[in-house]
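Below, each structure is written out as structure tokens.
Two complexes follow with chain A in common, the first pairing it with chain B and the second with chain C.
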Partner chain A sequence: MVKEIERAGLPVVHICTVVPISLTVGANRIVPAIAIPHPLGNPALSYEDEKLLRRNIVLKALKALQTDVHEQTVFDK
Partner chain B sequence: MRLELGNIFIKDVQFGDTTKVLNGVLYISKQELLDAVSGDTRLTSIEIDIAKPGESTRIMPVKDVIEPRVKVEGSGGIFPGFISKVDVVGSGKTNVLKGAAVVTAGKIVGFQEGIIDMSGTGADYTPFSKTNNIVLVCTPTDHLQQHEHEEAVRMVGLKAATFIAEAGRNITPDEVKVYETLPLLDGVKKYPNLPKVAYVYMLQTQGLLHDTYVYGVDAKKIVPTLIYPTEVMDGAILSGNCVSACDKNPTYNHLNNPIIEDLYERHGVDYNFVGVIITNENVYLADKERSSNWTAKLAEFLGLDAVIISEEGFGNPDTDLMMNCKKITAKGIKTVLVTDEYAGRDGASQSLADADKSADAVVTGGNANEVIQLPAMEKVIGYLTPADTIAGGFDGSLRPDGSIMAELQVVTGATSEIGFNKLSATQY
Partner chain C sequence: MIKVVHYINQFFSGIGGEEKADIKPEVREGVVGPGMALKAALGADMEIVATVICGDSYFNENIEEATAEIITMISKYSPDLFIAGPAFNAGRYGVACGSICKAVKEELNIPVLTAMYIENPGADMFKKDLHIVETANAATGMRKAIPAMANLAKKLAHNQEIGSPVEEGYISRGIRKNVFKSERGSKRAVNMLVAKLKGESFETEYPMPVFDRVAPNPPILDLTKAKIALVTSGGIVPKHNPDRIESSSASKYGKYDIEGVYDLTEETYETAHGGHDPVYANLDADRVLPVDVLRDLEKEGVIGKLHRYFYSTVGNGTSVASSKAFAHKFTQELLADGVDAVILTST
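Moving on, here comes the complex of A and B:
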């Protein structure tokens, strides 16, 4: 899906737990997620901390979307 | 560490007044067995049935399959950490009721439990159509949480196998096989000119009913470590895995791991089989990185020349498999991988979710997506209805006449990634 949408000319950020698979399938902008059963959250955290965690992932993805890339890039900072 | 496995060949299983083995026939007292496994208030009933090879019988949904083994000599007891204390196992003598198996079934726990057919097409695809199966159908209390349900049924299976195996304690085995692994440095000294080979044994630990235990420890909480191969034969590793019917390792398969047995077969002749590295398949990327770093580090530390790596399950564990392969290869150590495939119903899609150039020697247990037809059986132990919802099934899988059309992944043990079945493929 990542590749097909990019082929249509839209930039895509792949938020994904298993970054190596994302690299293998050819995503260009990759934001690491938390864990396979809960990619965008963490049930071990309090509600407030989890909300902050989720917001940060989305913000990182939005920033990645606006970043020019020339090779497969993992936004893990 | 030296273990003598005494196989007592069981050619038939029947109900009887007492539980005993006589002339190759295993007699089970229903009452004695029920007494041995009952008592968990999370289960409202346990029914016992027998399924023999060739019968028109379907068992589903199947959770685990367990071989009855009893420790006759040596430290510890079978299934340390669950049934026995956590003493080190794997030495002395163990008797095996070879040809008998305990199967746990009943109301579905998860969504990927399996089917065992005792005859017809399905029987060709599962190794457990060839065993005489003592089936325990467990019914949970209403609203029991899934992980509690899994645990309760797992313990019933382990208790049943342990109880039944006692019948073989004082029987003279029909066949004795001896397996021995020396302490590392002695073993290396003994065959200085043979390549040193180990087995990297990946255990399914994704959580949420995908769990494996080592001496009672949930293997997702371990870092990779070493184990003597014979410890595995005494139940040091067991399944708490209610998913991936076709390519998980039921406890039976751990006890009989063909990679371990076959590595022993040519040990001291073609190579020096020095031991087993166990590792896990966790759901956090950092865990995958750490564990694969650790297997590579241990492989280097042991001075290995080559390893066989087996996967359990599929999907994201494909990445653990590739990470192990890549990092161990980078140490200058040869790797062979054993896996299975999800290559689509026509077999044309990419087989694994991940790939790497260093994975250039791979053995497959078959394509789990292939569609098969399972004829109706006269007798059903358990329930047919989950056929549409277990992984590999779809709307309409279960037909009105009781036959089933589904992907191969519904069959217990069909595409074993430790080679505990007959399916494979070759490239030409």
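Moving on, here comes the complex of A and C:
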């Protein structure tokens, strides 16, 4: 799906846990996630800490969308 | 006696389904699960001495550590051959089989073999490095997969010449080989052309590799004015899954209105995804589709607007063709609705 969205002309960021799969599929902007059943969360944390964790991943994704890239890029910092 | 070590996941070992997908690697003496049929097919001079088992989620969330741990387990048996799977269309399992085979080949320097469906992401990732026997997309293809795996395993173990992908039933590795043919090239080319003109089937001797890459689009310049849309393959749907999106091999996607929705709760949303433990997403679907955080960022003026609709399907054994068709269709809507960028989340 990520490739078809990009092909149609929209910048897209893929938030996913298994980065090698995303690279194989052909995503250009990739943000690594936490775990397969809860990519943007961690049930071990308190509600507040978990939301902060999620916010940081989303902010990273938004930063990726504002970054000019010319090849597949993993935003892991 | 040729010693073989076999790798399977938590499901095929009978340990459990998705609720056990987080188990760490373990090793058992002898055969487990599909190893039984494989052992019979391999014949008397090959012995499966041990079976390594690991949960699919654990492996994929810890690829490097899990691979190292599994290599240590395998090397203790000093095997002559390593076999993983078959993984069919189970994506995480296919990635595990491919990753471990590649590591075993490189580090233990023995022949390796795995098997999976051609659309398994593990196939594209590892087909150049490994012999991957092509299987059906579901475990119902086990009976056909085992003899094909055993045949190739025997040849690899005895260091015999491996035939072409079509002859041996493995996924093409893109390797070109010089061979002698009784007819010269010009004649073969003309024969092929004649067959093509007649509409008959013919097989090219020089298949072109398919490179399907899309160049990245330019970035968003002003995020504070941008309309951002959410899309997921994690199967988030309103409670009770009104469109009945299938838990695997989805045939459709859903479009859901989130006007006035600030938080996805246990009472209002759930996941339809059948390929991982659904507990965490059912308790709080924001863990897959971050509506709560994007609403905050919208209010704070960090983003212009969160698009009124999100699109969702289940990326579990869903064919590449279906996924392409879904995305092609809803992206036209996103463009028509003036969306500037997409956040796509996957489980």
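Methods note: the second predicted complex is superposed on the first by the 77 of 77 C-alpha atoms of A that agree within 3 Å, B and C clash if a C-alpha of one lies under 4 Å from a C-alpha of the other, contacts with A are read in each partner's own complex, and residues count from 1 in each chain.
Keep this in mind: contacts are C-beta pairs under 8 Å (C-beta built on N, C-alpha and C of every residue); 3 or more make two chains touch, one makes a residue touch a chain.
Quick caveat: nothing in here was measured; it's all calculated off a predicted structure.
Residue contacts after overlaying the shared chain place A:Val74 against neither chain B nor chain C. Shared-chain residue A:Gln66: touches chain C; no touch with chain B.
Of the two partner chains placed by superposition, chain B and chain C are both touched by A:Pro20.
Legend: residue contacts after superposition of the two complexes on their common chain; A:Leu45 is shown touching neither chain B nor chain C. In the superposed model, A:Pro32 lies in contact with chain B only, and not with chain C.
Of the two partners chain B and chain C, more chain A residues are in touch with C. Overlap of the chain B and chain C interfaces on chain A comprises residues 17-18, 20-21, 24, 35-37. Residue ranges of chain A in contact with chain C, taken from their complex: 1-18, 20-22, 24-29, 33, 35-41, 43, 50-51, 54-55, 57-59, 61-62, 65-71, 73.
Those residues of chain A that touch chain B in the shared complex are 17-21, 24, 32, 34-37.
By the touch criterion given at the top, residues 206-208, 283-285, 288, 316, 318-319, 322-323, 353-355 of chain B touch chain A in their complex.
Those residues of chain C lying in contact with chain A across their complex are 18, 21, 57, 60-61, 63, 91-92, 95, 121, 124-125, 212-221, 223, 226, 228, 231, 233-234, 276-281, 283-284, 286-290, 292-294, 296-297, 302-303, 313, 315, 323-324, 326-328, 331-332, 334-335, 339-347.
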